[in-house]
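You will see two complexes here that share subunit A, one where it goes with subunit B and one where it goes with subunit C.
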Partner chain A sequence: MKIIDKEDLDSFVADMIEKGEKEVVGVQEKGHKYAFQELKRAEDLRLDYDVTMLPPKKYFMPQREDLLEYEKDEDLSLEGVNEVVPRIIIGIHPYDLIAIEQMDRVFSDTYEDEHYLKKRKESVLIGVNMQEVSEWSFAASMGTATTDYGYDLMLTDLGDRYAIEIGSSKGSDLLERYCVDLKEAKSEDIESVEREKEKIKESFEKEFEFSPESLPWLMEQGYEKKEFWEEHAEDCYSCGSCNLVCPTCYCFDVQDISDLSLGGGKRTRKWDGCLLESFAVVASGENFREERSERYRHRYMRKGKYLYDMFGDIACVGCGRCSSHCVPDIADPTVVFNELMEEVR
Partner chain B sequence: MSAEESIYLPETATIVDTKEMTEREKLFEVELDSGEELGHEPGQFVELSIPGIGEAPISVSSAPTKEGHTFELCVRAVGNVTNALHRKEKGDKIGIRGPYGTSFPVEELEGRNLLFIAGGLGIAPLRSLINYVIDKREDFQDVNILYGCRKPCELLYEDEVEDWRTNDELDYRETVDECPDDVCWEGNVGVITTLIPGVDIDVENTYSVVCGPPIMYKFVLQELEEKELPAEQIYLSMERRMKCGVGKCGHCQINGEEGEYYACQDGPVFNYADVQGFEEAI
Partner chain C sequence: MSKKPKAAIFDFAGCEGDELQIANLEEQLLDLLNIVEVVSFREVMTEHSDDYDIAFIEGSVTRDHDAERLKRIRDNADIVVAIGACATIGGINSIRNTQDHEEVKQRVYGDKGDMFESWDKAKAVDAVIDVDYKVHGCPIDRDEFLHVVKSLVMGKEPNIPDYPVCVECKLNENVCAFERDEFCVGPVTRAGCDACCVNEGTICWGCRGLIDNPNEDAHMEVLEEYGLTPEEVMKKFSLYFNWQEEAREDE
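Take a look at the complex of A and B:
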């Protein structure tokens, strides 16, 4: 563990921006909320934020990205496209780091998706332990309020200085290249970091009434509780907001976009959401998840069981973005899962 | 980005022949521009690209035993991609990814009686296995083919079906849901399940292979259960929205209380015992 004074962290960040070897992204204020955005000035960085509107997955799986280009003259030519911007992303909370780890598994399983993996490989992740907790978050219940992995560097605010934990060679390289005034952490610094972590775990208002390890079991028991799902989904707009803000949602749709000449164009993928009505429609017109309650249930099943079955991860990291963005306020996982537990017990 | 890096990059292919089959279905014979064989197993599918329009999963309709290195796709004009494909002609270029997904377990089927049950366009994936079986006829025992469609004019593969009708080594039966008064039809009239009671099934040694529209499975499976054919001896091919074909995009997931599958990875060919009772399967 290293220690850096707060003003030295500012110059570390300023140096990365100035040298411009990689694009520097940091959490900044946007309206009354926070967002990951390109950082132009070190002083715009806000490491005391509660939660960002969108998770940092947008840098590895952009809202819209080109997969290939085609040209149709005499012959058809198809060429893969992968626009990779190497980035240093500063200020990622532990739950988002864990979500990125989960996405890494999804995109490297069986068929390796280089569109995601290359962007990921070219990025450096600087995490920060939470100082503020969103009123919607329940990360402590999910075991994601702190993390020992998933970062290249991890910052903890210790008042007038930051502790820096080094998670990878990418992280130590970054310190060597840009950072001048590093001190070795003393044993009291290490203790302070542990105290900060423990303190943050106690700061959550929302919580699960059971261990998340029970989720796969709970979802299996709860699948057939039709009335429960119908009741909870009754006010669902099928808008897909919960999907779009979720750090572990990765489903996508693919579209071709033709040039005006019609002679060529691009194939792009964009975020899709399983709450949207058309998600499971096939060519014949059949919709395999026609009812709102089926789509609503599907999303919770994905989070609590399906992705666990496939990759071994509970695919909810407790950030609370889904519930905070849900207009009819029916997407709070703590409410849904806790009530489902009541129902099946 | 080099060509081999993107799992979403199709290879180019040429339509070497087309054949109008009905008002809605056309058969396309396709050759990969690399000159390679597709290398598929019966029951697998490809992602077919019409650049500028999009991509759609299409099951391969020809058997791997077919002579030459081309393969065939039987396509109904029903969406953007398939309508655009129908406007393509001999010599036109398309994109192909795959083959993807599971196949019919030919080794398990060897030495068994086979009961094929196809409804409408469901004959397209089944034909890849039917023709395989015909080409290796001595490896299999009794072969029954039940084929149903809505009207006589919707019957696919007319020439081949004529061969099946007269082939002594097959028991072929057909039905139509309805037959207009002015059309001559010697086969059965009624839904596909009406053909099943007439078939003598040796439940010890018979495997059934089923493909058809979603509504068909429920009733066909009920009939097979009544015949006491074990679920383990029934294979189904199921259509879902296999958008990416490689288990990423999430669209083709099939759920049930017992678990979940991706149709593009765990299917499209499923053993009935594995999906029995799945709410979103049958």
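Take a look at the complex of A and C:
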């Protein structure tokens, strides 16, 4: 563990921006909310944020991206497109780091998705332990309030200085390249970091009333509780907001966009969401999840069981973005899962 | 469809803003004319022909004369496309649909109201003739218009979103209007505009009309929970949704 004075952290960040070898991204204010955005000045970095509107996943799986370009004369010619911007991403909370670990598995497990993986490989992740906790978050229940993995560097605020944990050579290279004034952490610094982490785990208002490890069982039991899902989904807009802000949702829609000559064009992909009415419509017009309640239930099945069955991960990291973005306020996983547990017991 | 389909653009009760969007395609206009032949477009050309494959209709329908003219267009065209909110959903013309017609006429024409024929309700084009496709918006989005033209020329179904504007606000990482203590109808309004109004810091007024299956009850409840009176809620819904609401009630 290393120690850096706060003002030296500022010059570390400023140096990365100035040298411009990689694009520097950090958490900044947007309206009265926060977002990961390109950092132009070190002083705009807000490491004391609660939660960003979108997770940093957007840098590896952009909202919209081109996959290939095609040209059709006598033959069809195809050329793959992958716009990779190497980035240093500063200020990722533990739950988002764990979500990125899950996405790494999703995009490399059965199929190597080079659009995701190349962007991911070219990125350096600098995490930060939470200084503010979102009122919607329940990360402690999910075991994601702190993390020992998933970062290249991890920062912890210790008042006048930051502790830096090194997670990879990508991280240590960065320190060597840009950081001038690093000190070794003393035993009291290491204890302070541990105390901070324990303090964070106690800071959540929302929590699960049972261990999330029993979610796959709960979802299996709860699947047939038709009335429960209908009642909870009654006010659902089917707007997909809960999907689109989720750090572990990864569905996308692929479309070919022709240019005006009609001879060529590009293939693109865009984020999609299983709450949207057209999500499960197939070519014949059949919709496999026509009812709001079926789509609503499906999201919880994905988070609590289906992805667990595939990859071994409970696909909810407790960031609380889904519930904070839900206008009718029906998407809080702690409410839904706790109430379902009551129902099933 | 023939190699280079013939297209005609017609206007009814509206501000011609959608036609202006087409005229404003500027550097793309010549490429567009390579794939369709425009035979009638009163706003930008004097020539006119009744021989066309695709008819684009702007404006809402407000009198018998309009309805007759529309039926002739329908007979001439293989494909009819309504463009812009007035044509697709009645648009702001149908704000008056819930008001006293005599008062409306008085407000607009003063004591000369009797000289003008007008239905007491402004209607969307598909209330009078069959419409094959709709390019929504007030005004239309130029890229979406081009997408529809390209699709029709290639014989493909145009891809028009049937999800709410919330989707595009999330993709653009906009701060939700409700989080800014404002109120919008984005959660029940059809996307496809890239949430352009909210991107600029305002709200969604609903110009692209209701999605096919909006959860209006939930949205009205939410608006009231956020402190709007029932009258204010109705006002939010009546700027663009009047005609659609009536059509849904008639179903």
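Just so it is clear, the second predicted complex is superposed on the first by the 345 of 345 C-alpha atoms of A that agree within 3 Å, B and C clash if a C-alpha of one lies under 4 Å from a C-alpha of the other, contacts with A are read in each partner's own complex, and residues count from 1 in each chain.
Keep in mind that, in the parts below, a contact is a pair of C-beta atoms (placed from the backbone, for glycine too) under 8 Å apart; a residue touches a chain by one contact, two chains touch by 3 or more.
These numbers come from a predicted model, not from an experiment.
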Three-chain arrangement built on subunit A, subunit B and subunit C clash or fit: fit
Contacts of A:His298 with subunit B and subunit C, given as first, second, both or neither: first
For subunit A as apex, the angle formed with subunit B and subunit C - C-alpha centres, to the nearest 10 degrees: 70
Touching partner for A:Glu286 - first (subunit B), second (subunit C), both, neither: first
Subunit B versus subunit C as contact partner of A:Asp181, first or second or both or neither: neither
Contacts of A:Glu38 with subunit B and subunit C, given as first, second, both or neither: neither
Contacts of A:Ser238 with subunit B and subunit C, given as first, second, both or neither: second
First, second, both or neither for A:Lys30, with subunit B first and subunit C second: second
Chain touching more of subunit A, residue-wise (subunit B, subunit C): B
Subunit B versus subunit C as contact partner of A:His325, first or second or both or neither: second
First (subunit B), second (subunit C), both or neither touched by A:Asp309: first
Subunit B versus subunit C as contact partner of A:Val81, first or second or both or neither: first
Smallest distance from any CA atom of subunit C to any CA atom of subunit B, in Å, after fitting: 5
Overlap of the subunit B and subunit C footprints on subunit A, listed as residue numbers: 255, 258, 262
Subunit C residues within the subunit A interface of the complex: 28, 31-32, 34-35, 146-147, 150, 153-154, 159, 162-164, 166-167, 170-173, 175-176, 178-180, 187-188, 211-215, 217-219, 221-222
In the complex with subunit A, residue positions of subunit B that touch it: 1-3, 5-12, 49, 51-56, 76, 78-79, 82, 93-95, 213-214, 239-241, 243-244, 246-251, 253-257, 259-260, 265, 280
Subunit B partner contacts - residues on subunit A that touch it in the complex: 67-68, 70, 72, 75-82, 106-107, 109-115, 220, 223-224, 250-256, 258, 262, 265, 267, 269, 272, 274, 279-284, 286, 288-289, 298, 301, 305-306, 309
Contacting residues of subunit A [partner subunit C, same complex]: 30-33, 35, 53-54, 63-64, 234-241, 244-245, 255, 257-258, 260-262, 270-271, 273, 276-278, 292, 325, 327-328
